[in-house]
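Down below are the structures I want you to see.
Note that subunit A is present in both complexes that follow, paired respectively with subunit B and with subunit C.
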Partner chain A sequence: MNQRSSNLLDEALGLDQTIEPWPLRGRIVAIEDQVETSGSFVLHHILKRSLSPNSSNVSIFIALSQPFSHYDRVLRKLGCNLVTQRDNNRLFFFDMLMLQCPGGDEGISPECGLIALYGKIYKTIVALPEVSSKNVTIIIDDLSLMEVAANGSSDYVLDFLHYCRTLTTEFDCSLITLNHEDIYSSADRPTFLLQMEYLADILIKAEPLATGLASDVHGQLTVLNKGMNYRQGSSRNKISNFHFKVKENVVECFYPGSQG
Partner chain B sequence: MAAKTRTSSFSRNLSAAAPSQGPGLKCGPNGTVFLSSGIPDLDKILGGGFPLGTLVMVTEDAEAPHHMLLLRNFMAQGLVHNQPLLYASPAKDPRGFLGTLPSPAASKDEKSHKHDPDQEKGLRIAWQYKKYFGENQLNFDGQRDGKHEYSNEFDLRKPLERHFLSVQRVDCVSIQDSPNLSALQDRSATFLSQFPRNDGSISCAGRIAIQSFSAPQCAYSNMEWDMLSFIRSLKSMVRSSNAVALITFPPSLLSPSSCKRWQHMADTLLSVRAIPDEDKELSQLLTGYQDMVGFLNVHKVARINTQVPVILEATTFSIKLQKRRFLVLECLNQAPVDGSSGTSYGTSASCSGSSGTGNLDF
Partner chain C sequence: MAESICRALRDGALEGEHAPALTIKDSMASPFGFHVFSHVLSQLSSFILAGKSQSGGLVVVSFSRSPSFYLEMLKNKGIDVVSSDKRIQILDCYSDPLGWKDRLIEAGNFTALSREASNSSTANVFKDVKHMDKLYNSIIELGRGLVGGGKNQFSVAIDSVDEMLRHASTSSVAGLLSNFRSHDQVSSIFWLVHSDLHEARVAAVLEYLSSMVTSLEPLHQPANGQRGDLENFSLIEHNFKKGKFHVRIKRRNGRVRVMSEEVHIEQSGISFASLSSEGAINQGLVPKVQFSLELSEKERIDRANVVLPFEHQGNGKSIQIYDGRRSLADSKHERQVSATEKMQTNEDSGGGEIIYFRDSDDEMPDSDEDPDDDLDI
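Then we have the complex of A and B:
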């Protein structure tokens, strides 16, 4: 039962059947969380999946919120050694903790900030061997900090995302982003969030339970998978909703009321 | 309660595996090292204290200085442990604040030892069980001794002795007059460069305390993005050094979205709130209402090197001043519905659902 229930997230993402070819290929996944419930475990899960030993995926991790040592420890407990993967050129870790790009039009020059970051990503992908360049996962943790680094000019960050989006069509990369939903809840037109939700093929929301935090249920996930079967011509949205409990080595997902 | 946050039954023997460490540091799970907040109860609630490399944020009560209690104990604890301190405040003369820091209560340990003979006498009645009690007491004493080294109880009425406040270790900055944050950023960078993080033993840890960061008397207080990017870079710098930064801020002065961003950036997020002087409703609801000075909310507990969130049994605690000297935190206890008549538990429990406790949880 446990085996089955832990796959709800994979099922919702379409990762349950095959890992090769990478099911998220060419797709954009937006993860949104809140202060009370962090959604970073979904990032870890996808990173682990994309680095699974029987695939040739390459991951590009753009870290703005935590240093490498943090991810290394977290992923090691999930059964994935990031240091080895980095040495094998399957993981490219960009430590952007100190990224600072001057905002405004006058600050935009090719050698600074996000443009340089995009250049770095592009070069990394182009330099890959033919086999793996088809299965690149770009992970950004997280977008709100990128906005801060850009000194509040979210248009600049959006431009960056649009550039990254071209990579998903050009090289069939997948783009995974994390953002915080509640930051924008007070704005009457949260352009940045809405644009991201529009771009996303899969939208994942991590929310606390309405009844408060509990030790058995850490929150609920809502996964909106737009156009699951778009290759077969029929485009249909699929919404899955389930509770989760985050553990060190696994994320337990289950339907409300089916556990404890 | 704090012990319950470790859910796994397999736990490494931390005391045996611990590398050599400076005073006032304690090993935690996932390779973290804690330093004490200066309030033993808060350390217990947070599962050991503040992990090195984290950013702690305290949201202030707009009308009461309760955040100063946390700030003072945090700073005093660091100075007692000989840890360098960087203190920034919107006051004209930040160094003056050091005079108000509390002094560790040294008598506490002696007192507990004095009590021991009495207790032993009382226990002699049940002499058969003495061996068990003795064992227990030994354990407790051991714990107390260990804790005494790690975190002190502070006597809020006794000022910290002068010799703790030497100039080399305490760096004070006034953030009132600086037009932007670059000066403070440089000061923090040079301060933090004393404690680079390498895998070896940690000889010394630093503390940064920033009071009322977004206070309106600071010239930059309307530059929200500048403040955000300062906090972000401070967090990044702290992550790569053996230090803890504590920032208190009045949230009412920030825009709601900015305030959320601040909360997201915090590793440990606390809030303090005063309680109104004569709130009849609350005083009926809670036991020991007379001794409370405020509430402390724990919104977020630092999550370093792990993805598992820390879920506390209670998130609201009452701040009390024991004997008007010692700061203690206690879980809220619901008073019997009618305190004088002593109603049975059953009725008080049935009322707990209906009584509108609002934003307090039990």
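Then we have the complex of A and C:
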């Protein structure tokens, strides 16, 4: 049921074969979406996969967009109980809805809120038992709201992301981020978006179809997998493109033209 | 081409001249800049370790990758940095560039494990990237530590000028790079920049500072940057694995040499090849269908030889047009215009006569206005 239909996405991410070791270890995944095609389903899917009962993964979820109850509801429909996972210390949910960096007062710099957040994540990882600390997935939903919380300073957010990136090298964590492409479309140069695209090992874009709205297909996903991983000694660039349809309990992914 | 720039960095600065400086420039359309940077880094490292270069050491300023990444990368290319007699040092501007870890420790209740520094003896952590002068001093100090003082020289590699530009002003970054070029002990310097992250003038500043500029561009430009169609998707796929590698070298005598190559991204790294012909490129643009959309050579020649009806062949003769009533061999149609004669008989015709009274004998047809000028009607 769920397994089959999301296979294309799993395949594109490298999640279709093994769960252990976690294929996204040490990698940064950047999801970009638009108003017409929300990419949060990709986030939910990765969260669900990382909390799979077959693995010892731990997820640190930094929520700036929705409260815990929302994700609990969504993941429950996908067959994953977030409350249980949280109680079992497999999910650490940081509710950052009220995150606000102080606005440049004397003695307190605006980046303080983000420095403290980084410190919190670091402490959480360090406190994990040895076996779990090797499979941590940090998920941020979403970056545009983090920029808002940082009073519009994308530089502070980029600094924070850089430090999160050092966690991927220091602890082999995965970093999954979501951002909205159309917010930056009016800018001369979407620098913040491009910085994230350069940073990402895997770039996932959720876009509407070029042909417009359709009832059978909600949008298309393009997955660019930059395989530059010297640890495995290989550099395989892989690009996939397929359509998706968001249903109540599942998201179906299929190649163009192969559905109805 | 790529080899010539590596050689230029290896040979270093001439007496009384600034050190050669290379800018590696890419953009999201062809994001292989880091592959090129790694290639140049490994080439220069092997020259230095073999004692074949002007410089006796290399300082790698790492902003975008951890020091262990570079150690592993060089090891995969057969260059063992740790046992290499300390010819390569890495200035670690990656692990804690802004000193956040120190600030958290000060705030209490935080223990930084600093695995990076303990893992490799070749990493030196730098925590103050907002100050270009401190960065400059640290790099020079590291370089002198490698080669000693006096006239001994070292090379500098900066893996991300973008990060520097994020933390400091363009003028201070330009000042730093310029100071390196004019420093007695710097033999050569190269850096990577993503051109689409900055304004055009910033990229221009960096280009002015360099004696060599390599830029990466996609082989095929997708139309309108739209990702909607399948056609564009295959272009993107193509551009994901290959690109165009342009090199511009400024010589001492003022001449500029421009060269281009194709660059391929492979399992083991990158490779360079000369640019393929246009035909090969166009092959990639023809949609894959089950019938042939192209012409063979014979078909092309035959098409060129077809005589189109109503079209001047430029040889003074009018075209014999087959009108379906008589065979072409039997009849001959000739149009004669004469100002004085009104009647004309055609003695060769086999039984028919055409008497033509032209209304506008006195007027010359205005060739500018007549759209049928090129036709024989």
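Heads up, the rule we're going with is that the second predicted complex is superposed on the first by the 239 of 260 C-alpha atoms of A that agree within 3 Å, B and C clash if a C-alpha of one lies under 4 Å from a C-alpha of the other, contacts with A are read in each partner's own complex, and residues count from 1 in each chain.
Everything that follows uses one rule, which is that a residue touches a chain if its C-beta (ideal position, glycine included) is under 8 Å from a C-beta of that chain, and two chains touch if they have at least 3 such contacts.
Owing to the predicted nature of the structure, the values given are computational and were not obtained by experimental measurement.
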Subunit C versus subunit B on the shared subunit A, clash or fit after superposition: fit
First, second, both or neither for A:R73, with subunit B first and subunit C second: first
First (subunit B), second (subunit C), both or neither touched by A:W22: neither
Touching partner for A:S144 - first (subunit B), second (subunit C), both, neither: first
Arrangement angle, subunit B at one end, subunit C at the other, subunit A at the vertex (C-alpha, nearest 10°): 110
Touched partner set for A:S186, first subunit B, second subunit C, both or neither: first
Subunit B versus subunit C as contact partner of A:F93, first or second or both or neither: neither
Contacts of A:E207 with subunit B and subunit C, given as first, second, both or neither: second
Touched partner set for A:V126, first subunit B, second subunit C, both or neither: second
Partner chain in contact with A:P256 - subunit B first, subunit C second, else both or neither: second
Which of subunit B and subunit C A:Y163 touches, first, second, both or neither: second
CA minimum distance (subunit B, subunit C), superposed complexes, angstrom: 17
Footprint overlap on subunit A, where subunit B in one structure and subunit C in the other make contact: none
For the subunit A and subunit B complex, residues of the former touching the latter: 35-38, 40-41, 44, 66-67, 69-70, 73-74, 77, 97-98, 100, 103, 144-145, 148-149, 151-152, 180, 182-187, 212-215, 218, 246-248
List of subunit C residues in touch with subunit A within their complex: 28, 31, 34-35, 66, 68-69, 72-73, 76, 94-98, 100, 103-104, 107, 109-113, 115-116, 162, 166, 194, 196-197, 199, 226-230, 233, 236-237, 240-241, 265-269
Complex interface listing, subunit A residues touching subunit C: 115, 118-119, 122-123, 126, 155, 158-159, 162-163, 166, 169-170, 189, 191, 194-195, 197-198, 205, 207, 209-211, 222, 224, 226, 228, 230-231, 233-237, 239, 241, 256
Subunit B to subunit A touching residues, read off their complex: 7-8, 30-31, 224-226, 228-229, 232-233, 236, 239-240, 255-257, 260-261, 263-265, 269, 299-300, 303-309, 311, 315, 361
